[in-house]
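Chain IDs A, B, C and D follow the sequence of writing; residue 1 opens each chain.
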Amino acid sequence: MLEARGIVKRFGGLVAVNQVDFNVQEGMIASIIGPNGAGKTTFFNVLTGVCRPEAGSLRFGGEELVGRRPDQITALGMCRTFQNIRLFGNMTVLENVLVGMHTRLDVRYVDALLRTSLFHDAERAALKRGGELLAFVGLRDVANEVARNLPYGAMRRLEIARALASSPRLLLLDEPTAGMNPAESQALMGFLRRVREELKLTVVLIEHNMRVVMSISDRITVLDYGEKISEGPPEHVQSDPRVVEAYLGRQARAH
Amino acid sequence: MTNGAAPAASSTRRSAIPPAAWALIALAYLAVSAWSSVRLPNSLFAFLFFLSSLFLLYYAPVATVLRVVLGAVALLLLMPVIGASNAFYLEVATQVGIFVALALGLNIVVGLAGLLDLGYVAFFAVGAYLWAVMGSAQATVAFGIAPLASWWFFPFLVLSVVAAGVAGVMLGLPVLRLRGDYLAIVTLGFGEVIRVLANNLDKPINFTNGPQGISPVGRPPLFFLDAWNRWLAGMGRAPWEESAVYPFVFYFLVIAVVAVVILVTHRVEDSHVGRAWTAIREDEAAAVTMGIPLVRMKLLAFATGASFAGVMGMLFASKQYFINPESFTFMESIGVLAMVILGGMGNIPGAILGASLVTILNLQVLKDLSIWLNGLRQAGTIVTLPIIGSYNLASLPAQLEPAKYERMVFGVILILMMIFRPQGILPSRRRARELHDVAAAGEVATNA
Amino acid sequence: MMSKSWGHVVMAVLVALSLTVPLGLTDAMGAAASHGTVKIATQSPLSGGQSVLGVGIKDGATLGVEQAQAALARAGWRVLVVPFDDQAKPDVGVANAKRIVADREILGVVGHLNSGVAIPSSEVYKDANLVMVSPANTNPKITDRGYKNVNRIVGRDDVQGPVGAQFAKSQGAKSVYIIHDKTAYGQGVAEFFRDDARKLGLTIAGFEGTEEKSSFDAIITPIEAKNPDLIYFGGIYDQAAVFFKQVRERGIKAKFLGPDGMDSPELPKIAGNAVVGMHYTTVAGPAAFYPEAKTFAANFKAKFGRDPEPFAAQAFDSARIIIAAIENVSRRGRPDRASVAAAVRNTKNWKGVTGTISFDGRGDLAKAKYFVINIVSADPAKWGSNKLVRGIDVGPGSR
Amino acid sequence: MTTAVAAIDFELLGRIFPRVLVDGILLGFVYSLIALGYTMVYGVLEFINFAHSEIFMVGAFIGAEVLLILQAARVLAASPPLLSLLASVLAAGVIAGLLAVTIERVAYRPLRGAPRLVPLISAIGVSFFLQDLVRMIWALHRNAFYLTYPPIEVFNQRFPAGAYALWGGAAAVAIAAIGWLMRRAGRGVARARFESLSMLPKYTSIALGIVSVGLLILDPNRVLTVPVKSLVVIGASLLVLSVLVYVVNQTKLGMAIRAVAEDQATASLMGVNVNQIISVTFLIGGLMGGIAGALFGLQFGTVNPYSGFIPGLKAFTAAVLGGIGNIPGAMLGGLVLGVLEALAGSYLSLISGGAFGAEYKDIFAFSVLILILIFRPRGLLGEVVREKL
């Protein structure tokens, strides 16, 4: 489904992502892990078109992504969340979700101006689907609250709902459990499984929480200093000495 | 204004006074204020009282239908009647209308899409000059064609919208990558460029007549006046003079355009486009990641905002009978921006209130204050203050002439307003919506 | 919710406000009304960068009313001045005009400074037959519309420019470099100067407009290269003084010439020796030859503590002409606007500090006397002793 | 409207080129000096201090007032000109600085945390207020609308820069050597400090070097002259820039300022008194505004209550051009803007045969500004701030 070949991304002299290959098959939950500064988020930024890679190709469902704008990539069916939550704070919960539907709304400016039946139908459908999505993430009761007033966990779920609203086939989540306690993380894991099962989505995850990663992932990719150092099912990665070195070795040195 | 725009008329209000009583109060208020404005044609308070009744109407918890009907009566019937007894009030109302449209247009760019535009008056100038050049003898000077006939006024209302919209896109295209203050400085530059062009394009080919300005600018045709005057003559009454009719024509034109502008703003704001703009304002990076095409949406915001200014520019030129570049300075842009922010960014009533307040303050209240003080001074009024003692105002130095310090007072008012009401007078609220017929979906555990 | 309580506050305020109306609290205008009052309004920019001239107009008119009201007072009329700030903005000027028109006691307007404000505002005066006498608007369009109520006691651009050109020629200048300030006034005068200078066979070495107020280096460099015999500045003294000073500092020896915008002791105050020996054209008689002008300058200084700005003398005369007209009309009863306007237009051989004034059918000066004045000293206090070089009688322009 | 299309006189264009360039640089230094104040405040608060043009204007009034008082006391002619100038400039700086602090305290501080545009409006209010307040004060005090700087003869003389170009080049080398020595002088911890201190000789030698070499090439006849007062402005600009760079980069205060600029919350957790630092920032910004005002007045001779507006606008443009928030950027932006204006002002008319003239110089400057920003959206020296996702 998603096929990255030899992705290279540099910032000045720093090579943030170096020759990374990365494949995702339909229906799987793939995780990317690695120590801080390993280039995980940069890799996400390349995937979603936020930065353009210096080299490499990136195909999604047969389409080349390199050179496309983020909004075009979203329209193709790939949507993400952010490491530090980036909701539209002064909009309501429901509006956040409706913004996510932008690419799927087949109405034009003129329709909005003239209030054509097309517009009304589309708005009605969007409201219905927004309600469903909010119900799905358990935020329907607060649909009219302003997003910035939500509790932290609810913000995370809203961000996912907003991404889901763009009807992606592939969902990219950047550290969804960051800042959550174990119980919340547990709940989120259950939620992700449901996303996969009920919505038939493919998920790529950046995660630090090993418990989450190991229990949920079908395949794990480990990045260190921008390079892929290991890849495989959880048990394979867990026992890979290079992974242990990357995590522990650095920690040992740091202390 | 449809549902949700006002808190009124909802059953949630637990007011001690029943809606019927509110309706009566509103009606009485309107009637008394209009009556007193006509009876006391020189009373500022009476007129302010009347204007405020419109806002009372907006906030009174009465049925929407009643509110719309009363509002229409006030604006379309009572205001002209008051204007007939004092032409100045009609002028104020017309200028308020012009600035309301400008503020609403800028509100789309700055308030909704969050793009700081310091050169907004440029679009006003585009609309104004478009008609001023084509609809006056300047057309002959610039293009060697006869001035357009007065009925062209109406097609040009549309054309000025288009022209200003195109100017908006032309400004938008090169600057879309810029953010925040960089955008601000470039739009400021654009505004200056348009003004300097207007001031200098009297050579090598004379398009704008430079600082000498263009006069007389064409006015809309008065189709009805001949027939009406014949009828009046038949009744043995004196005919209406064109010059006496025009202020009313422009008032109604401005009101009509403002109504359209409000409708457009409301509809666009309450649609996928408005949501996309707000999303861009809130977080550009997140918005684009959610699939919002930044370039298209920003251009759309620029074009929509600009088009309001364009059409008002045209009306302004025609109403003024004369234009020259002095009407399109940077301070004018700043003035409109102040209206938007003062009223409350990102919402329609806020922009309307901001524009009304600033315009009335500038044209009327501050002037009245200085005239009053000047009157006291010339009459040699003696002010007695406790402790300080008495002072004859006539001996006040000539340097302290009150009329000279209106802008200083305006500055102080701006500062105080911002300190005590930083969100603007009517801060933006998000619209609450009902969620109907949602298919029962399984609830996710909500322990978070 | 915030908005709801706010709505209540708004309503409370409105209701409170409504109580004041039945109490009969009328506004300032109403309050100031008393029997037997007539008012003269002034409109000019009283704030912003042009306020120095606008205040001059207001003060000149105020002084004029003060000195002339004795005659009216004997007839039982009290005269008041109502100053308006038009902010040099056409929209504000028009709104003020409507307000002026609405006050029935106002029988005349002295204004404006900017032609851009005067033209649309005078449309409003015209509809009410309210007389306007302009102390400063030189734009031909002001009177070319042929309104009965619009007059001016300044020369037109198409008169003053040619007078300057003739003088330049008589001084033996072969090439002239023209700078103007991009305003209707400055550019207008400069263009007529240019056209006439060309007709007289002078070389136009350059014709430049600039809104710059402080740094003229970029403009001076080409002047230096072209080395003209004379530099004409179409504009106001504040900008001109800085310009002339910088020109001399560059070592350029060309003669200087300007229109009546130069007429202020501030000119040598800012420019110092640079402007000594330069000439300007004006309708306001030099104090040394016109005792009235001398008295006016002295009275102005006594009242306001500073020297009169350009156009202050014209405003002084404008106000007195209106009052003279009111006085004439009031002999026949309560003066109304139309008859005051007609009386002003009929002014013949009225002696003012800016010359002997008669209006022609359009409201222009029937015959204007132009003076060319030579600045003799860098000391602002000696402004009054500037030399009269020549006087030229000219009729109104014909365009 | 007949504009004779004359052939372009290339000889003339070439002949005036050095003059145009020098004019541009002189003007540029004035813009730079004002731009520094904008950039300083913006760097810390990300806020366009719209009232900076009025602070600048107040500085110019104070500067003139001091000189006028000295003149009235008959000490102006007797005392050394540099001393009078120093008194005038310092008084202008101090009062403008205090004014800036007061403005921040009254009109901006209560608005911290409000939407970004709100302080902008209150700044506009301050602007209106100050303009007319100054007009009122000096109307009552001196009955004057304009204040004219009393002439100090020395400053009005012209320095034969062309004739001294070789000397200038030698001086540039010498100053560069001093700078190099200073950089070498420090050791260990003090090293960075010395390096920073060497900013003044560094910038001076660069500026002097460029100008000298330029003069040698462009002015072979050695006839170009420069007013002495312009040299004073240039010297002051370089000095202020160097001091500012030193203070911001090398002192404890500078560190606190940078910390507040980076993140106010964190800075306050680290024990930095954020309010105090912001006040100090405004003090410094106002100080520079006042100094710039007094020097501006000296350069151009007259000032009125509204004359801050245009230079303020230009300086703000210069600050953005250079990369707002960046101190050397403000200097560079000012110079670029000044040179652009001079080029347009002198050449447009000559090249177009009068069809377009000096009145288009602002359009020209703004067009170049737009072009530069399209290709370098963060200004000439501004860092590209990559957003963290």
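Note that in this section a contact is a pair of C-beta atoms (placed from the backbone, for glycine too) under 8 Å apart; a residue touches a chain by one contact, two chains touch by 3 or more.
Source: prediction; values computed, not measured.
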### Message
Going by average Cα coordinates, which chain is farthest removed from subunit B?
### Response
A
### Query
More C-beta pairs touching across which pair, C-D or B-C?
B-C
### Query
Whole-Å distance, subunit B centre to subunit D centre, using C-alpha means?
38
#### Entry: Computed distance of Cα centres, subunit C from subunit B, in Å
32
#### Entry: Whole-Å separation of chain centres (CA-atom averages), subunit A against subunit C
70
### Message
If a residue has to touch 2 or more other chains to count, which residues of subunit B qualify?
### Response
199-200, 285, 404-405, 407-408
### Overlap residues in subunit D, where contacts from two or more other chains coincide
132, 135, 143, 354, 357, 359, 362, 389
## Note on the structure
Among subunit C residues, those touching two or more other chains are 47-48, 51, 55, 182, 209, 304-305
### Task
Spell out the residues on subunit A that touch subunit B in their complex, using ranges where they run on.
48, 50, 69-72, 74-75, 79-80, 82, 86-92, 94-95, 98-103, 105, 107, 109, 112-113, 115, 119, 122-123, 126-128, 130-132, 134-138, 140, 143-144, 146, 151-154, 156-157, 162-163, 165-166, 180, 183-184, 187, 190-191, 194
### Residues of subunit C that touch subunit B when the two form their complex
1-4, 6-7, 10-11, 13-15, 17-18, 20-22, 25-32, 46-48, 51, 55, 58-59, 62, 80-85, 87-92, 94-96, 98-99, 101-103, 114-117, 119-120, 123, 126-127, 139, 141, 182-184, 187-188, 209, 303-305
### Query
For subunit B, which residues are in contact with subunit A within the complex?
264, 267-268, 271-273, 275-276, 278-279, 282-283, 285-294, 300, 428, 430-433, 435-448
### Task
Note which residues of subunit D are touching subunit B in the complex, please.
1, 3, 42, 48, 106-107, 110-111, 114-115, 117-122, 124-133, 135-136, 139-140, 143, 313, 316-317, 320, 324, 354-357, 359-360, 362-363, 366-367, 369-370, 373-374, 377-379, 387, 389
### Task
Write out the stretch or stretches of subunit B touching subunit C in their complex.
7-8, 13, 29, 32-33, 36, 40-46, 48-49, 52-53, 55-56, 59-60, 86-88, 90-92, 95, 199-200, 210-213, 215, 241, 243-244, 316, 320-324, 326-327, 332, 362-363, 367-372, 374-375, 378-379, 398, 401, 403-408, 426-427, 429
